[in-house]
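The same subunit A turns up in both complexes below, where it pairs with subunit B and then with subunit C.
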Partner chain A sequence: MKRYDLVVVGAGPSGLSAAIEAAGRGMHVIVFDENEKPGGQLFKQIHKFFGSKEHKARVRGFRIGQELLEEAGRTGVEVCLRATVIGLYQDHELVVRIGDAIEHVKGDTIIIATGASENMVTFEGWTLPGVIGAGAAQTLMNLHGVLPGKRVLMLGSGNVGLVVSYQLMQCGCEVAAVADAAPHIGGYGVHAAKIARCGVPFYLSHTIKKAEGTDHVTGVEIAQVDEHFQFIPGTEKHFDVDTICIAVGLSPMSQLLKMAGARMADDPKKGGQVPVCGRFGATSLPGVFTAGDVAGIEEASSAMIEGRMAGAAAAAYLGFMNEDACEKREKQLTDSLSELRQGMFAPQNKGKQLTVTDEGIPLSKTLLTKGYVSDEEIEAFPGFTHRVGVHPVIECTQNIPCNPCQDVCPKNCISIGDQITALPKVAGGAECVGCGMCVASCSGQAIFLVDEDKGDGTAEVTIPYEFLPLPAQGTVGTALSRSGQPLCRASVVQIRSGKAFDKTNLLTMSVPKEFAMRARFFRADKEAAK
Partner chain B sequence: MSERIAEHPILGKIEKGRTVKFTFDGKELEGCEGEPIAAALKVNGVMVHRYTKKTHQPRGIFCAIGRCTDCVMVVDGVPNIRTCITPLREGMNVQTQYGVSPLTFEEQAEKYSR
Partner chain C sequence: MSEASEKQKAMKLAQEAAASRVNDRSRDIGEFVPAPDDDIIVCRCEEVTKGEIRKAVHDGMWTVTEVRRYLRTGMGLCQGQTCGRLVKGIIARELGISPALLEPATSRVPMRPLEMHIFANEEKEE
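Coming up: the complex of A and B.
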C-alpha cells in the first residue's frame, strides 16, 4: 500500500490549492481526481473573476486553472487522473478505482475537496433529451466546442444561470428567457444586466410547467407561481426551444466524509449535508481536512483560499510547519477570505432581502426583477456621472467584493477605497484619458466610457463587447437600451482589442446625444453582420 | 441540429483531435478523436442515447460530466458506457441502448420469448 504525507481527493480549485500549499512545505502529496483532466470546473469558467488583485480578479477562470496546474507541477504535486476515490476508511485508508483496478492508499493527512453536484427540479418531461444541467452546457460549449443547442430556456437566475446564459450567447446560442421561481434574481445584478441589455427577458416568480416533445425537447411552457410556489392558472407562456438548461443550485458532495464517520450537519445555508468543521477545514476526524464547496457552497475564489488553509493546516498537523509559521499563514489567508465574504451576497446575507446599499442608496427594484437598472434608478449611483468630455460611467449598483476598476485606472479617476465592497465613485478633478482599461477590466462589464456631447449632436459610448463576429469600424446598426430595447441608429467608430483587455473588445459607437446615457449595447444590422 | 463552434470570442479556436469515423446504429458518422462520444453524437444530431428498461422513455445527455448516467449506450458491445466521459476512438461501434441491450425492445421480446 502506497503511503503519502497528504492525499487530496479532487483536483478542482480547492484541492489543487491545498496540494500546492502542502507540497510547497515539503510534503509528499498526491491528488486523485475522477476526471480525464484536472482543474474541476475552472476550465469551463471563461468569464473574468471578481475580487481584488490577490484573488486574481479580472483573470478568466480557465487561466487561473492553467496557473494552478503549472504551480502544482513546479511544487511536485502528483496528480492521478481517472481515479475515483470510492472509500475512506479507518486509519486514513482510501480505496481508489484507477481505470479498472482498485488500489489502497494511505495518507497521513487527508483533504477532501470533492466539490459539489448540481441540483435538479422535476417537471413534466424533465427527463427528455434536451433538458440539461447548466454545467453540461458549459462542458459542451467551453470544453468540447459543441453548441449545447440553438435556442435555450434557462431555469435559475443565480450566478450560474446568469453566467451560463451569457456564455451560451457568446458561442452563438439564442437564450429565449431566464426563468426563476424566486421573486428576485439571485445572482449578481451586473451578470443579469449583461444579458438583459442583449434583449433576454427575465421571468421571475415563474417556473417550468412542462418540457414539450416526444423524443427530445421542442418547446417549453413556463407559468407564474404564487408565494407558495403554486402555479397560477392562465399565466402560462410558451417558448419554442430545443434546450432547457437547469441552474438551480449545487449540493456538497460530502459522501466520503460521511462514510468515514465525520460529524455532519444539515445546513441549508451551506447547501445541504456538510462536515462540521473546526478551524481551517479540520473535520471531526483527526488529520482529515476539507476545503471548497464540499464544506459549503461558495465559489472558486474562496475555494482556492480554503484549499490553501487546509493545506497549511495539514502541514502543521504533521509538523512540516511550526506553530508560529502556521498561525501567520492562516491569519493571512483568513484576512483574504474574509475580504471575499463581504457585501450583499456574502454567506451571512444569504436569504436576506436587502433594500439599500451600504451607502444608503435604494437598491434597484427593476434590476432584481427584470435584470436591468431603470433609467430613473441609475442616476442615484455614485459611479453614474455626467461630465464634459470622455469619462467612465459605472453602473455598479450592488455591494460586491471587487475592485479592479480602481486598480487599473492610470489616472486614478475611479475610487472604491479600502472597503472592497463599496460602490465605485468617479473621482472629481481627475482627468479620464479614455484608455478603456476600466471597461475591459470590470468583471461585471458594468463600466462604459461616454462622451456625452461631441459638439455635432452626437455622443460616443464605449461598451465591452465579447461576441463574434466583431463589428468592423463603420458598421451600422441599432443601439440597445439597458433593457435590450432598440433605441436609435448607431455606427461603430472604433474597435479596440488590446492584449491587456484579454478578449474584452472595446466597441465605441456613435449615437444621437440624447441617447448617450441610455445606449448600452450594439446590434449590427443583419446585412452588415455578414 | 447542433454544431461545432467554429471560433469562440474568448477561447478562439477550440483544439480538437483528428477527424475519425465511427458507427452509430450501423451508420457511419464522423467525430473528433478524443472528444466524448456524446459530443460527437450531438454534432451529428443524435439526441436519444437510450430508452429506459421499464417504461421505454428516451434519455440523452444530462450532466455531461459522468455523474448522472443518463447518456449510457452500448459501446463496442459493452452496455452502460457513459458516453459523456468516454473518449471517441476510430472505428468505435456505438449503439442505442434499449434497457441494457442494443436490441430493440421488439427484438428482445422476440428473442427471449422463445
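Coming up: the complex of A and C.
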C-alpha cells in the first residue's frame, strides 16, 4: 500500500491550497480528484474576485486556478486526476478508483476537501431536458465551450445565480428573467446591478410553477408566492425559454467523513450535513482535517485560506512544523480569513435583514428587489460624486470586503480606509486623470468615469464592458439606465483594452449631458452591430 | 447563573420534544391527503414520485433509511446526490418536523457508482 504524509481529497481551491501549504513544509503530498481537470470550480470562474490584494482580488478565478496549479507543481505536490476516492476507512486508509483499478492508499494525515453539490427544486416538468443546474451551465459554457441554450430563466438570485446569469449573457444567451422565492436578492448588489442594467428583470417572491414542453423545455411559468411560499393565484407569468437554470444553493459533499465515522451535525446555516470541526479544520478523527465548502458553504477565497489552515495543521500534527511556527502561521491565516468574513454578507449576518450600511446610509431597497439602485437612492452614497471634469462615480452601496479600487488609483482619488468593508469614497482635492484603472479593477463593475459636461451639451460616460463583439469607435446605439431602460441616443467615442485591464474593456460613450448620471450601459443599434 | 441553567433546561426539553416527534411512532400524523403535485418524480434514477414518498411516511416509514429501503429512493445511479435532500424534506414536512432532525442516508462504499468488474479489480499486494 502506498503511503503519503498527506492525502488530500479534492483538487479545488481549498484542496490545492492545503496541499501547497503542507508540501511547502516538506511533506510528501498527493491530491486525488475525480475530474479530468484540477481546480474544482475555479476554472469556471471567469469573473474577477473580490477581497484585498492578499486575497487575490481583481484576479479572475481561472487565473487563480492556474497560479495554484503552478505553485502545486513547484512545491512537489502530486495531483492525481480521474481518481475517485470511493471509501475512507479507519486507520487513515483510502480506497481510490484510478482508471480501471482499485487502489488502497494510506495517508498519515488526510484532508477532505470534496466541496459541495448543487441543490435542486421540484416543479411540474423539472425532469425535462433543459432544466439544469447553474453550475452545469457554467461547466458547459466555460469548460466545454457549449452554449447551454438560447433563452434562459434563472431561478435563484444568490451570487451563483447572478454571476452565471451574467456569464450566460456574455456567451450570447438571452436571460429572460431572474426569479427567487425569497423577498430579497440574495447575492451582492453589484452582481445584480450588472445584469439589471442590461435589461434583465428580477422577480422576487416568485418561483417556478411549471416547465412547459413535451420532450424538452419550451417555456416556463413562474408565479408569486406569499410569506409561506404558497402560490398566489392569478400572479402567473409565462416566458418562452429553452433552458431553466437552477441556482438554489449548495449542499456539502461530506459523505466520506460520515462514512469514516467523523462527528457530523446538520447545520442549515452551513448548507446541511457538515463535520463538527475544531480549530483549523480538525475533525473528530485524529489526523483527519477538512477545508472548503465541505465543512460549510462559503466561497472560493475563504476556501483557499481554510485549505492553507488545514495544510499547516496537518504539518504540525506530523511534526513538520513546530508548535510555535504553526501558531504563528495560523494566526496570520485566521486574520486573513476574518477580514473576508466581514460585512453584510458575512456568515454571521446570514438571514439578517439589514436596513442601513455601516456608515448609516439607508440600504437601497430597489437594489434588493429589482437589482438596481434607484436614481433617488444613489445620491446618498459616498462614491457618487458630482464634479467638474472627468471623475470616478462609484456605485458601490453595500459593505462587502473588497478594496482594489483604493489600491489601483495612481492619484489616490479613492479611499476605503483600513476597514475593508467600508464604502469607497472619492477623496476631495485629488485629481482624476481618467486612466480607468478603477473602472477595470472593480470586481463588481460598479465604477464609472463621468465627465458631466463637455461644454457642448454632451457628457462622456466610461463603463466597464465585457461583451463581444466590442463596438468600434463611432458606433451608435442606445444608452441604458441602471434599470436597463433605454434613455437616449449614445455613440462610442473611445474603446480602451489595456493589458492591465485584464479583458475588462473601457467603453466611453457620449450622451446628452442631462443623462450623465443615469446612462450606465450601451447597446449598439442592430444594424451597427453587423 | 440560574438564568443560564434555566435556558439550558429549556433547550434540553425542546430537544427531547423534537426527538420524540421523530421517534414516537404512536404519534398521529393524520391521514394521507392527496396533493396535486403527487405525480412529480423526485428520485429520477429510480423514478419515485413525491406522492409515493408521502404515502410511505403514512405507511410508517419515518426515516430516510426506511423510505430508501421501501421505495429505493437514492439507491440508483446518482446515489441520492440530487434527491437526498429533497426526500428528506418531503419526509420532514409530512412528519411536521425540521429536516435537520432527520438522519441522512447512510454513507458507504463505494461513494460513487462504479462497475463491479472494476470494484473487484483490486491491486495486488507485492
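In the analysis below, the second predicted complex is superposed on the first by the 530 of 530 C-alpha atoms of A that agree within 3 Å, B and C clash if a C-alpha of one lies under 4 Å from a C-alpha of the other, contacts with A are read in each partner's own complex, and residues count from 1 in each chain.
The criterion applied here is as follows: a residue touches a chain if its C-beta (ideal position, glycine included) is under 8 Å from a C-beta of that chain, and two chains touch if they have at least 3 such contacts.
Just so it is clear, the model here is predicted, and its values are computed rather than measured.
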{"item": "Combined model on subunit A where subunit B meets subunit C, clash or fit", "value": "fit"}
{"item": "Partner chain in contact with A:355 - subunit B first, subunit C second, else both or neither", "value": "neither"}
{"item": "Touched partner set for A:119, first subunit B, second subunit C, both or neither", "value": "second"}
{"item": "In the superposition, subunit B vs subunit C on subunit A residues touched", "value": "B"}
{"item": "Contacts of A:90 with subunit B and subunit C, given as first, second, both or neither", "value": "neither"}
{"item": "First, second, both or neither for A:146, with subunit B first and subunit C second", "value": "first"}
{"item": "Touching partner for A:127 - first (subunit B), second (subunit C), both, neither", "value": "both"}
{"item": "Once both complexes are placed on the shared chain, angle at subunit A toward subunit B and subunit C, C-alpha, multiple of 10 degrees", "value": "60"}
{"item": "Subunit B versus subunit C as contact partner of A:35, first or second or both or neither", "value": "first"}
{"item": "Subunit B versus subunit C - smallest C-alpha distance in the overlay, whole Å", "value": "5"}
{"item": "Set intersection of subunit A contacts, subunit C complex versus subunit B complex", "value": "34, 117, 127"}
{"item": "Of subunit B, residues touching subunit A in the complex", "value": "1-5, 7-11, 14, 16, 35-36, 39, 42-43, 47-49, 57-67, 70, 84-85, 87"}
{"item": "Residue numbers on subunit A that touch subunit B, as the complex places them", "value": "34-36, 46, 60, 62, 117-118, 127-133, 135-136, 139-142, 144-150, 170-172, 215-216, 242, 466-468, 470, 503"}
{"item": "Contact footprint of subunit A on subunit C as seen in their complex", "value": "37, 40-42, 44, 50, 81-86, 99-101, 104, 107-112, 114, 117-123, 125"}
{"item": "Residues on subunit A engaged by subunit C in the complex (per definition of touch)", "value": "1, 34, 84-87, 95, 97, 100-104, 117, 119-120, 122-124, 126-127, 251, 255-256, 258-259, 266-268, 272-273"}
